[in-house]
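All chains are identified by letter, namely A, B, C and D, in their written order; residue positions are counted from 1 within each chain.
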Amino acid sequence: MRMPTLFRNSILTVCLLSGTVLVSQPAFAATIHMIPQGDLKILDPIQNPGYITRNHGYMIYDTLFAQNAAGVVKPQMVDGWTVSADKKSWSFKLRDGLKWSDGSPVTAADCVASLKRWGAKDVSGRLLFAAIGDIKAVDASNFSITLKAPFGPVLEMLGKPSSNVPFMMPERIAATDPNEQIKETIGSGPFVFKRDEWVPGNKVVYIKNPLYVPRKEPSDGLAGGKVVKVDRVEWNYIPDQNTALTAFRNGEMDIYELPPADFIPTLTTDANIKLAADPLGNQGWLRPNHLAAPFDNPKARQALYFLVNQGEYLAAAGFPEAYRHKTCMAYFMCGSLNESSSGAAPYAGGKDLEKAKKLLQEAGYKGEKIVVLTPSEPPVQAAAAMVTVQNLKKAGVNVEAQAMDWSTLLARRSKKDGWHIFHTFSVGADVFSPAVNAYAQANCDKAPSGWPCDTKLEELRAAWVAESDTTKRKAITDDLQKRMYEVVPYVNFGQFFQPMAYRNTLSGVLNVGVPVMWNIEKK
Amino acid sequence: MTTPYPDQSPAAPILEVEDLRIAFVSRDGIVRAVDGVSWQLQPAEMLGIVGESGCGKSVSAMSVLKLLPGPPAMYSSGSIRFRGEELLTASEVRMRQLRGNAISMIFQDPMTSLNPVLTIGEQIAEVLILHQKLSKRAAWKRAGEMLDLVGIPEPNQRLRDYPHQFSGGMRQRAMISLALACNPAVLIADEPTTALDVTIQAQIMELLARLRREMGTAIVLITHDLGVVAECCDRVVVMYAGSKVEEATVDTLFARPCHPYTRGLLAAMPGLDMAADAGHRRLAEIPGMVPSLKQAAIGCRFAPRCAAAQECCHVTIPELVVVAREAPDHLAACFRACEAFRGELA
Amino acid sequence: MDTPMIALLEQRLERLRKQPRAIRFAARNPVLVAGAFLLLGMLALAVFAPWIASHDPTEMNVVERLKPPSAEFLLGTDALGRDIFSRTLYGARVSLLVGVSVAMFSALIGIFVGTVAGFSRLADKLIMRVMDGMMAIPGILLAVALMTLIHASVATVVIAIALPEIPRVVRLVRSLVLTIREQPYIQAAQATGTRLPLVLIRHVIPNLMTPLIVQASFIWASAMIFEAYLSFLGAGTPPEVPSWGNMMAEGRSVVQLAFGIILYPGIALGLTVLAVNLVGDGLRDLLDPRIARKL
Amino acid sequence: MNYLLKRLLAVIPVLAVVAVIVFLLLHLAPGDPAVIIGGDTASAEDIERIRETLGLNRPLPEQFFHWVGQILQGNLGTSVFTGMPVAEMIMQRVEPTLWISALTMLFAVVFAVPMGIVAAWKAGTWFDRAISGLAVAAFSLPVFVIGYGLVYGFSTRLGWFPVQGFKSLSDGFVPFIRHLALPVISGGLIYMALLARMTRSTMLEVLGEDYIRTARAKGLSKRRLLLRHALKNAAVPIVTTIGLGIAMLLSGVIVTESVFAIPGIGRLTVDSILRRDYPVIQGIVLVTATAYVVINLVTDLLYGLFDPRIRY
């Protein structure tokens, strides 16, 4: 059958056309293709604490201070700062020559406005601003903070590494209400967000920020000089994990931010693939609903400790031995500055279903239905929920596993009733200190879902942030953790290391738990 | 009234069917639809083939053009010769040259016999282009003439119409013009008027008779309507349960039917003159049912329903015999045919 | 007297006729019989699952994660250490249940709404607009939306899959009712004074059965695949309820490590859908070649 | 052509029904964008304030009429998350879905219709059984299983095709086709099966009609009989199936888009549903519904082309 003429002509014209187009496309020196952990949906790192939005923040924004690899806070946009003897009044001087991506200079007023917006939303920000009497810009490149109450970790807060990072934005943008999404994406970070090439759900594009002036020092953790060695970065979101792995192994992608745990063994065997994991690791959270019987009684919550065998949870999530931390009873991450073992003694024996059953009876549990929210995605939370359901069943609890997708879970848990347990996990940087650990809050209704309520725990937290001397703070940490073991705001179901995978065509990949693109060179 | 014969010289018959046997093979059994039938068709003659439905008349007609679907239908014996050329063993290519060109056919239901999505002109022109290699324009002109010939008003305009824009009668006329477009030697008409009402029926039969005269086409008329046969046909073949039971010229058959089945058929016809002394007499009917053709015939198939049946009828299959010396071309397949001819049969 | 050829055929037919009726029935419609046997096999697996299965399908032992087929785990284990063989067997229950109930649910509602639309001119206008509206929304979107918005359970999966099928059934039933309504035997029934509902039940609906049964079998087949799509998009049957669909969906992220997780339920689903399609085809040819073929 | 006018007017009530169904479906169900924007560590207060800024607390009818009002002015609203106008988001992702649907349908028709015709022509032979067998088999496997198989075979092992992604036509014809080959085949197999079966049964039915017997009596060859007489009559049911197929395609493409990471409308809709991005969901469903209704209209008009009895 003769090919219909229409069809034949269209092919010819297209070939000619495509020939010319290829030539005119701008050839980039080097482009990094990354498979992000998720689809970038929200561009406001203050309004939304999601890690994908935080990573977007690190691309286009800069911070006053930043934590180096050892966890010590180093200046970034700040040139120098002074603090009064009584640690009450602080003044900061900005580095000169800092510019926004639209060319306008960075002023102290911008920083003050950004800090205020961050302070209104972030967990530790709220603690800091509760202690601040006055914060104002002295002149174009100096601003001062005067405390009205003692607050130790001021610098640690300004250099907070994760969730709701205090990114600096131009004043007019920082003036937006923290609960409303910012409209523009102007930052002073190493990259510029190419809004016109953004295809939500598929592709996010950043190009090198020509106006960015990195610090002189070599890059160290999130601090130091953020030198950009590539021209363009593309985040290519691949919804299907199997396709993502195949594409990455075929070399179509350079970086695979969050490969599912089960893929780690196959990736390690591949010669031209390297893995880099955040040394601190992540912590799994089993969160009971403090308002739903029987978990309104501390005894019932304490019974949960006897249900958790951390190795079992991490194995179910698929993490190989090398990426699981041995059972860690510290609430503030094993291997962190605030690691402590106080209060863990009664539960050192690990999983003991009989003790759990006994404690539940003592708490007055008479067999009513316990609802565990079980998401189908993401994999770690899904696996953890299934393990808890099974252990509760084995402990004779009348448990119902209600299945749903992650968005429904967020909705269901924001309601005070209708659920008893859900699971999530957090990056070590959001867990390792009482100031940043959101789920350690016990301020009743103001706390995130689960709503722990305990004045003593709040007092200890307030005392912790007020203390600036590290040794005294250590003692407060121990008391605080002991109290947490009594109040049980959440149960730690395991510390694990989530590696990022990248191909050996890249060098200089930083190992900080956040997929930062500076310092990376592509052969 | 019979039309006068063209000079009926006993030239070679244009179409001969000799001892044709066709069986339909299926899991439930073998149906002997046509069980040894023979007849001839002279040029420009009109032969009527009569019989109840299911007696094999349509099957034998369709087999002339080998239109029966291959697997179930099976020609177990006999031959069909057109101008001496054997058709049963002819190749499909040869058959295609004959169909619609030398032998063509018209069917019973005009409503569904024309392709609803093609114009009348296209369907007629197609056969002209195929067989007579005419150009498209010439074919359409000829098609227009054919429509005019069959009496359809403003033929050239109607060529562009679709079948659903034609009435039943006009569609049958279109079918006829399509069949006769290539001036075929033989036209097989399979109950052309059954689906039409009486007035149109008469017009179609009159048209067929006229065309036969003008174009000299021999016509095989298959029908169960004895009235139509009486009016138009020259000779008649009566079939029953797959085989020929009687053959004669129209006059002799209607005057002196010999086979009991033919006599029964004629008796069953309500004549117009009967209305006068109606007296509510019941119409004569032939008792019993047409036999199943799944078993081989043992005796005469009509024996069970035949009033004049004797012992021998049930045992041996009656041969076709000449009923009387003075009517050599009047044959009947009945042991008592000669008695019937002489009127001695009740 | 027969020609030798027919006589020969006669003997062969004689031998054929001696075979038992069942074999002759099978010889006549092989598609239907093959499909029916395959389907009965799957149904048997589903019904006798507890006795055949080697493990409790929901019991996890995390130590045995992603094991290849072995003596203990006939077809290996999945990402949570559950036995694939047992889950495939129990999965048959859910998948078949979903398939059948979707077919029944959509057929019943389809008959009711379709007949009403077919018979009352006023209702027809309204119903058909709503049906067009429902058909305009791609089925899978309607299902995913329903699944994510209502508390997920096998029942909601059935509703979510059945809803997009209903307009198609209503349209089919309506068109059939419109043709049947014109049939003389309906007018005859009405002429003898039988009231409308009786006419519907005794005359109209039985005539719908043939094409509806065939359509229901195709809905049954596509429903099982639809369930796999829902789980694939993250909105399917709850994870702890084993069904072929969510087994394959869960297995897809580890398919490169243990493709058995997708392979075995995939084969089971494929065979069952094949069986249902064959039965559908066979029924169509057996029951009423003319009307049914219009599908 | 007042029939055309009537049909176009009939589109409005259908879209109205679609709008109401989608709006109610989303707003009456638990969960809303505010909770998702609030994120993991948001307190109930934060979520309430976000809900306030998004105006989700206003009474439902008010929100509905506000949304409808916007639509009438041609503004589909903006995404609650990305802040991008819905129309722009749709335009960004229309090209892949259109290309996949069109090529899948072309692939299906180009293979299925001839297969169906030959299967009908050689009905009962091994070829016919093979076609029917293939059709039923292709119908029995989910698209993503076929997709994974093809990717494993042709991308990982043979390396002929890329694993995922989409290159627009402007990026050059070869990369464009290489990226679309596997998705089109994996999605197309099912429609090929459906169409082949449909063509076969329709052709068989037509071949049994009287006018085919007349055509044979005219001495036409089998080829001409099939293509000229039979096919034209079978065209109407085949066009209906293709019309239905396109409708199914709009939804079937979602899975293919997910497997091959193609930025199509289907994937965008599922993502929006999973994250409760109301304006985007409502916008897309309206657009796909309009497309569906238009396709239906076109197929109906096509009937007239093939079958003179249908006159408008």
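In this text, a contact is a pair of C-beta atoms (placed from the backbone, for glycine too) under 8 Å apart; a residue touches a chain by one contact, two chains touch by 3 or more.
Small disclaimer: the values here were computed from a predicted structure and weren't measured.
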Among the chains, which is located farthest from chain B on the basis of C-alpha centroids?
-> A
A student comparing A-C to B-C should find more C-beta pairs in contact for A-C
Argmin over chains of |mean CA - global mean CA| returns D
Averaging C-alpha coordinates per chain, one finds the centres of chain A and chain C separated by a number of Å equal to 46
Between chain B and chain C, what's the gap in Å when you average each chain's C-alpha atoms?
-> 51
Per the centroid of Cα atoms for each chain, what is the distance between chain C and chain D, given in Å?
-> 22
The distance between the C-alpha centres of chain A and chain B, rounded to whole Å, is 92
Please list all residues of chain C that touch 2 or more other chains.
-> 148-149, 234-235, 252, 255
For chain D, residue numbers touching 2 or more other chains are 30-31, 144, 148, 258, 274
Identify every two-chain combination in which the chains touch.
-> A-C, A-D, B-C, B-D, C-D
Please name which positions on chain A make contact with chain D in the complex.
-> 11, 14-15, 18-19, 21-22, 25, 39, 41-43, 47-50, 121, 123, 163, 177, 179-181, 183, 198-203, 236-240, 242-244, 246-247, 249-250, 252, 405-408, 410-412, 414, 416, 424, 426, 438-439, 445-449
Of all residues in chain A, those that touch chain C in their complex | 240-242, 245-246, 260, 262-263, 265-266, 312, 315-316, 318, 374, 376-377, 379, 382-383, 386-387, 389-390, 401-405, 407-408
Where on chain B does chain C make contact in their complex?
-> 21, 23, 25, 27, 29-30, 32, 74, 76-77, 296-297, 317
Contact footprint of chain B on chain C as seen in their complex = 1-3, 5-6, 9-10, 13, 16, 24, 27-28
In the complex, chain B residues that touch chain D = 65, 67, 71, 95-101, 104-105, 107, 109, 112-118, 126-127, 130-131, 162, 164, 175, 178-179
